[in-house]
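Next come the structures, one after another.
Across the two complexes that follow, subunit A remains constant while its partner is subunit B and subsequently subunit C.
And now, the complex of A and B:
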């Protein structure tokens, strides 16, 4: 960045860290014009219209980076689950990750959810981050003790032009299970830079779905440490981009212990002048024998002006491992379009149905049922009233 | 007799190469026509150009359905007017259930004809009957279209679509290829159940065997982009016995 200009976050925090540029390898395909093009102010206290379902269970709502008591509903939790309003210290200080450093300096509010040993939480817990203007930060920490089970839906939403820098950290204890669905459904001017980190103990399980529907820029970094033998993570993502949107998924899966399993399936559907970025890195540490890692990235380009950058990376330092990765990019299958038309479907209907089908293979497997149903209905609206 | 399909002096090119060099063919309502021929003779091209595949360009001649030229019609318009093509290589459509696809297709056609669209329950009743007819397992109806289907299941699924959509003109492009005898009989039974005085069939096949089960009224031999010979069912038997060499010799320009 231009060092003579004021830092875009100068008004929010003293000495903000330098922001990355496309000369940084991890940001090569993600220009930050939407972030650096203005000086960000602290958000106003104005009420915010947001786009998230109410699943009826416990719910935390962060408005402009502040936990809102009137909209939050921390009730209905079984014994052994606590929600505490506090700003948890970041588990990792990462000077090479400027937005984590920015969150460290700028976050004012946060929450920690703790699930005690062998406690199973039936209803999904919703966390809504809503913004209306300015720049805000939020921090969430999930701590699952041994054998605990929790489902969480994180909604990134709001109205107008605003910035949210969020960090969610999870520790998943031995034989515990965390299911998490993250949805970016915001205005077309919103900017989300999000980091999700999880450390999994022995036999722990993580299922994560990351869905981006609307924003100007939404970057999600997922950093998963498979730090226990036999731990498993199943990561899926879908970005449906249009207009000038840029949706970016950066995945780091670290196989630190033997016999852990990781699955990655990420899809981009890119229309108009939108861009999709997928970077998937799998590291298999020395001694992580019996690792089973699969990674798949499929991209559907609906317009000649859309662009995707995909970067799968495997670094293997152990023997006796099973690793695979693959990436595809292309347009709708012309034979399939002709086939559907030859059965009487109009060309727009045929294209919408095929696009819906490509995206729906992610949507229909979302592990948090309420989010799955809500997105299923939204998909129907987006694709010309198709309902399935 | 009503002329259902009339093809006159049809020349067709793909990517600048002419494949059909003047095909003439008339299918009347109620008739079954078989088209035989060697690989590369233009059989598949003929079926695709009738269905309106965008890669094939008609450079001369005409295709008329019930007297109206369909050359300017989109594939979906042809389908709604009653043209159906059973694909030689059925297309897999991951993520779209067979049932949903069939109902969407049928309703698109019903809407075009001014008929009320069928509800899920009404459609279910209809499709179950048809599935039994072509011996398709109910489980396949809820799976993605053709995804993970065996070769025989894919072909039977084409015939299921045929039975559900009940087109005026059914074109089958090598539906018998790769089928064992039991599957062939099932496919033939599905086709025969649809034979009616109002409907016409165009069967493209390599093998006379299919014609033991679906008896054609007329057999045509396509050779190098032209119909080299037409006759009755006996022509298919002669081809089965003697091959195509005698025809090639007979049509070689002197």
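And now, the complex of A and C:
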């Protein structure tokens, strides 16, 4: 733990928790130079430029950690859905999660979205977190009552060098369904440390896509508690890293009750000197019979300077289970590149096409349609020559 | 249901190799300090450089903290209550089996590994380690003809000090980890093996370890050097008698495979696992590691059925280009046994390849973890790894965990890892029952099939023993 006098967040909160180092197991592959290398100040009032689509439906915009009334549009919601501007108390602030503790101390603004029993929300709700400078925190809470349905798109964006520590907590009631897409598309100097926690009741469903496109450091921790019989979660992620970016996905899936299902598919595409980290942990508690858990992590290294560290873990305390995990790492298949070249594609085009195909398997399955289309267009730009 | 009864029967089965052999031991008082280390060193008439090496290790050990990151939990070990040296009373030099202590021979017969039979089977030279000092070495002459050195560690220090000094600590330095450092300070004996360049060892080399004296920590040290282009297959097998107090075993095994050499290292471990309530049993905390130079090949095969706690990661450092590392493991835990085992494959050279096949079987309150690391350095272009780790759960009180670390810094490396965990399906049992097998035979058949990939890697002599062991462990368990 970092205990030097000059804590990087000292200016923001009186007693900031000690930050982890690579000597802490959970942070072993994620050096925090981008966080600890400077003293963070509160954000200035300067206007923030950000890059996020407008899906046309209801939208909340946090600028530098404050909900902005002029940009937000909490309208167009059916009866039974309420959005309230409040700072929800954190359900759990474990001391071993210093950035949650930091959020607990530093967050000034937040929102709670409640969906009443059996209310189905058609249009996805957008939540944009944008930053321009300094360090900000935000908190969001989603509460879905029994049988409710909601789709949410969370955009982490902004310009320049800034830090955002966000916590999103969701409780999904019995037979309710939550679809959520999270996209980090920020400047190449931005730092995002985000935590997403969800607790699922009986037969509840969660579909989550986490996409990282641009940032210096983006770490997303997903903690899913399958706390009801027959609950399901389907988690997918894609990190497209270049430059010196480090994208990190930390997944905890807790099978606490019988007959729950979990799926994980996470992919990293790593170019230049970027790094990808994946740590997936599935816990099957005693008595969670009939558990079905699958976990898959695939990594594509495009450059000799890129690096991937992956740790898919299973921790199983029940016998009537079906659990598996797999991880792969490698470069583009030389035979596949050769085949495309023999069909007249240039080497760059061939590589771009194959990389696009690898990444697109995540993109094309994103459950929130507006986000899927927007990302599809962004992908075309990224893999030049494929847009046409 | 019947299957549960069988599993219960399996869980309750007593350890079959539990007895104590009465042989006078030459012991140093319990506890550890520099004087004890000097005493061990002088008892063994060691040269000054080795004593200094031990003392440096001990001083380093004093600065180290016992690790806590592992899955198995155990009560704190009082290192001052351990007896660090125990040797059977010295007897005159032995030339034939007839001169060996008859009680010792009887012990081996109980284990079903009588030296007589081994001799007759031919091709197996056994360096018997009884407690800490080698009592008997066979087939020495035959090996001598091929230029192979296979002797106890203390003998090697006397007869071949240059070789020992050149390689000791080159793979597992005395600063390596808490238990390896402790071993470096107090190791009592072990085996040394050197295969000269281009020699294919004409027989399987083997050594049987036993822990005997009450409260004696066993600190073995094995050093195996295969010179350029040579081949050796080394077998290590263990059983230990019943004890109520925990016995610490912190061994170190170092393998050096020079250019083009091939070392095959096989282990069958069946130490006392403690009683059915988890009382007693051996703590098996071992550091095993090999270095492979260019075109060399290292192969670890282990069948771990005993010990209260098994905690080891036989590893390969693939230093030379085109070197190959292999790890095949079956680990079985039942009652309150715990195992945290796996391997590390460190790819340094170009076109290095590694294979990991790990099978875990957990029953009763057994708890086991596969923990492994595949690390591809930037220099390891064209590296290739395949890992498969499967766990079989028998009963709903046991645990099986998989913790692989995959770290790649080279785009040209291809890494695959897969793992699965499941129980024996009712359909499988039903099918075999319907074919006329008892439930016990059916479970046995399925477990043996589950482990086949690993058992096939064992040399013939060991494969038989390993299968027997698994069968024994499953005895009473339906099919």
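As a convention for this text, the second predicted complex is superposed on the first by the 381 of 388 C-alpha atoms of A that agree within 3 Å, B and C clash if a C-alpha of one lies under 4 Å from a C-alpha of the other, contacts with A are read in each partner's own complex, and residues count from 1 in each chain.
Everything below uses one rule, namely that a residue touches a chain if its C-beta (ideal position, glycine included) is under 8 Å from a C-beta of that chain, and two chains touch if they have at least 3 such contacts.
Only a predicted model underlies this, so the values are computations on that prediction, with no experimental measurement involved.
Visitor: After lining up the shared chain so the two structures overlap, which partner does A:349 touch, if you call subunit B first and subunit C second: first, second, both or neither?
Guide: Touch partner of A:349: subunit B, not subunit C.
Visitor: Is A:324 touching the first partner subunit B, the second partner subunit C, both, or neither of them?
Guide: So A:324 only meets subunit C here.
Visitor: Figure out whether A:308 sits in contact with subunit B (first) or subunit C (second), or with both, or with neither.
Guide: second
Visitor: For A:25 in the superposed arrangement: first (subunit B), second (subunit C), both or neither?
Guide: In the superposed model, A:25 contacts subunit C only, not subunit B.
Visitor: Name the contact category of A:190: first (subunit B only), second (subunit C only), both, or neither.
Guide: neither
Visitor: When the two structures are overlaid on chain A, which partner does A:140 contact: first (subunit B), second (subunit C), both, or neither?
Guide: It touches nothing on subunit B or subunit C.
Visitor: Looking at subunit A, which partner touches more of its residues: subunit C or subunit B?
Guide: Per-residue touch count on subunit A favours C.
Visitor: Contact-wise, after the overlay, does A:286 reach subunit B, subunit C, both or neither (first, second, both, neither)?
Guide: A:286: touches subunit C, not subunit B.
Visitor: Find the residues of subunit A that appear in the contact set with subunit B and again in the contact set with subunit C.
Guide: Overlap of subunit B and subunit C footprints on subunit A: empty.
Visitor: Could you pull out which subunit C residues touch subunit A in their complex?
Guide: Listed in rising order, the residues are 69, 376, 378, 381, 391, 393-423.
Visitor: Using the touch rule from the top, collect the residues of subunit A that touch subunit B in their complex.
Guide: Against subunit B, subunit A makes touches at 333-336, 338-347, 349-350, 353-354, 356-358, 360-361, 388.
Visitor: Which residues of subunit B touch subunit A once you look at their complex with the stated criterion?
Guide: By the definition above, subunit B touches subunit A via 51-54, 74-76, 78-80, 84-85, 87, 90-97, 100-101, 104-106, 108-109, 112, 144, 161, 165.
Visitor: Would you mind writing out the residues of subunit A in touch with subunit C in their complex?
Guide: Result: residues 25, 29, 286-287, 289, 299, 301-331 of subunit A touch subunit C.
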